[in-house]
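Across the two complexes that follow, chain A remains constant while its partner is chain B and subsequently chain C.
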Partner chain A sequence: MKTIQIKGVSKVYGHTKALDKVDIDIESNRIYGLLGRNGAGKTTLLNLMTNRIFPTEGEVIIDGERVYENDKVLGNIFYMAEKNLYPEDERVRNIYKWTKEFYPSFDMVYAEDLSEKFGLDLKKKVKSLSTGYASIFKAIAALASNTDIVLFDEPVLGLDANHRDMFYKELIANYSERPKTMIISTHLIEEVSSVIEEAIIIKEGKLILKQSVEELLSGAYVVSGETSRVDKYIQGKKCIGIEVLGSFKSATVFEAVNNKDKVLAEELQVEFAKAELQKVFIDLTN
Partner chain B sequence: MNNTFKIFKYQVYDFTKAVIIFYSIVISISLAITAFVSKGLVNVSFGGMEMVTAIFLFIAGLNCFKSNFKFMLANNVSRRNFYFGNIIALVSISAFMALLDSILNIILDFNIPYEGVVMQLYGSNSFFAGLLWCFGLYTLFLCLGWFITMLYYSCNKLMKTVISIVPVLLIALFQYIDWISRGLVNRAIVGFLDKAMGFAYNNNVYVGALSLFIGAAAIALICFLPLHNAIAKD
Partner chain C sequence: MLIDFNSEKPIYLQLAEAIEDNILKGIFEEETQIVSTTEISVKYRINPATAGKGVNVLVDEGVLYKKRGLGMFVSSGAKKKILEKRRNSFYEEYVQSLLEEAAKLSISKEDIVKMIVGGNRIEDNSNKGSK
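For the complex of A and B:
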């Protein structure tokens, strides 16, 4: 059981505040989606959680212990970074062998099986891998690490649709086999929405939402219809996004539907639809 | 297994290829010279190959930080363990190469007119003294290379320029002071080296070796300063 506490963490780069007093409690054995627009502070947060950079203020605590220079805690986290940190001239198989040195629970057989499934040549040098295969190579290392916490930063970067689908399936299978805390930072929100249990949304360095995907989507809906009718319907409601197409309008309402709403919608002849995570994300972060 | 030992293992693994290539070249050259000398084709004496090793280790030190540091970050190793693992590896590599060079010295000395650097500087042909002196020299050069590359890595563009210019300015300043003081600075430096390297004490190799070890230890200690807050960079 590894719980992560991010306590009042801020990170300043020169004149830029990448993270601003972020407080997040991450429960163990759940799959989180870390979502945010470009430059929102997602990678900074993941780097802080793994001691790769240091916070300007605040601290990251895992199971009651500070992460800062703590080998015991760090040895239980695997972080698949978007950047390549592996020696360019080293062969993939050798990297896996060395990863096993540092992560004794690393499953070499599983890594080899996955490499075969994804068509990753273990004899290839890191520098000769394409963007997609570099992501696959790192994702396999993360899945085979068998650590209690696995962090993924853009795990499907450069992957084609087939490989992305395979990756999500492997991720679920891996989680089912041995539950662990997984945090996935990605821009492909709709794809990952079926995988993640909870969404953490960051905007301009601040945490704006941390909620289970189920709750989030049940607490939001899309109402659409003729513009004037939709306008009438959304009056006094917490509306987080509007789209207009000619005389047609659709609005995302960030509230749960009650009976009164249903009656009103019938009166105004507007229609309800389920909100999509990506839509809610866009509306919340715009 | 402790992370420090794993880092030591990785650093040694990373050095292995370069060391093998280096000694292949050194041994090939030595064999060629031995062959030429023994056949009477040339009449030369040569020596001081240890300085070649020292320069090799300095360059190796310059090249052994960035890639390994990033790999250690990828494996979530703390900087503290990375530091200790590296220091142990650098000292071990220096000791190993000092031993190889000392053995090579004996072999070459036996076959051709050859003088090792300790013989040239101190007139001593003691195996142990030579080994110790080379060990100190190699550790110093390797740590110095490691420190310089780490210092550059941890600095931003402006600081890189500053630390590149400062030594030049210091040399110019010392030269100026030396000129106005009629050689005082140069005399002080020579006097210091004379004592530190043991020449002032009846060419004592052990004093020289001790000074080299003190220098290496001082550099190894300050290596932690740029490392303790180093982060992954492109």
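For the complex of A and C:
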């Protein structure tokens, strides 16, 4: 069981505050989605969790121990970075062999099996892999690592729709076989919304929300109709986003619908629709 | 089984209903094993906790039961239980919305009965209805 505690963590680069006093408790054996716009601080957060960079203030604690230069803790986290950090001239198979040296739990048979499924040629050199296959190669290393914590930074970058679908299915199968803590940082929110259990949303270096996807979506909806009627409906409600198209307006309301709302909607002839995670995300981070 | 990710219904409830449908249709028979939660989550790409929640709804209702180390089985009497539950909610779930829509369109209750019995579309009777 590995829980991750991010305690009052800030990271400053020159004049930029990449992360600003972030507190997050990550429970073990769940699949999390780390969501944020470009430059929100997602990668910085993942880098801090794996001791690749050091916090300006605060600390990251895993299972009661600080990660700072802690090999025991770090040996149990696998980080699939978005950038390629592997030697370009090396062949995929050799890199998998080395991975086994650093992560004794690495499952070579499973890695070979996945490589065959995805059509990844183990004899190829890292530098000759396409963007999609470079992602597949790193994602396979992460899935086969068998560590208690696996972090994915944009795992499906450059993958076609079929391969993305395969990746998510393999990830779920992997998790079901041996539950672990997985954090997936991604831009493709709608795709992961059914895969992740909880969403962590960060904006401009600050945590703005950490909630189960189901709760998040049952606590938000879209209301639409003629502009003045929608305006009347959303009065006094927590509205997080508005779109106008001529005399038509749709608004995202960040509250659960109650019976009174339903009656009011009927009266005003405005319609309800489900709020999708992507929509809620855009509205919250705009 | 179909899961509609755009539906307003939470995924776990949709899953529970889809399993119930399969029991009603006789695809999952009583006292036989159903597909595992893992298979469901992988096939439909849904979080295993969500799939587990859907299955647990049915375990709580006595429709499914867990056999340790083996998996999930359909309880005997499950079909009857589901039938009763669905019949009880049939009015709220189907008839009420039918009547509401019919009222908006000025279709009388008699015409609805005619449609159900005769199975055909009704002629334009908007004059009759708006009286």
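Assorted remarks:
Convention: the second predicted complex is superposed on the first by the 286 of 286 C-alpha atoms of A that agree within 3 Å, B and C clash if a C-alpha of one lies under 4 Å from a C-alpha of the other, contacts with A are read in each partner's own complex, and residues count from 1 in each chain.
One rule holds in what follows: a contact is a pair of C-beta atoms (placed from the backbone, for glycine too) under 8 Å apart; a residue touches a chain by one contact, two chains touch by 3 or more.
Everything quoted here is computed from the prediction, not taken from an experiment.
In the superposed model, A:46 lies in contact with neither chain B nor chain C.
Looking at the shared chain after the overlay, A:85 reaches chain B, while chain C stays out of its contact range.
Applying the stated contact rule after C-alpha superposition, one finds that A:218 touches chain C and leaves chain B untouched.
Of the two partner chains placed by superposition, only chain C is touched by A:196; chain B is not. Once the two complexes are overlaid on the shared chain, A:176 sits against chain C while remaining clear of chain B.
By the touch criterion defined above, A:184 lies against neither chain B nor chain C after alignment on the C-alpha atoms of chain A. In the overlay built on the shared chain, the residue A:168 is in contact with chain C alone; chain B does not reach it.
Shared-chain residue A:274: touches chain C; no touch with chain B.
In the superposition on chain A, no contact is made by A:136 with either chain B or chain C.
Shared interface residues of chain A (contacting chain B in one complex, chain C in the other): none. Chain A contributes residues 30-31, 165, 168-169, 172-173, 175-177, 179, 193-197, 213-214, 217-218, 221, 272-274, 276 to its touches with chain C in the complex.
Touching chain A in their complex are the following residues of chain C: 5-8, 10-12, 37-38, 41-50. In the complex of the two chains, the chain B residues touching chain A come out as 1, 3, 6, 9-10, 67-68, 70-71, 73-81, 229, 231-232, 234. On the chain A side of its complex with chain B, the touching residues are 47, 50-54, 69-71, 74-75, 77-79, 81, 83, 85-88, 98-99, 101-104.
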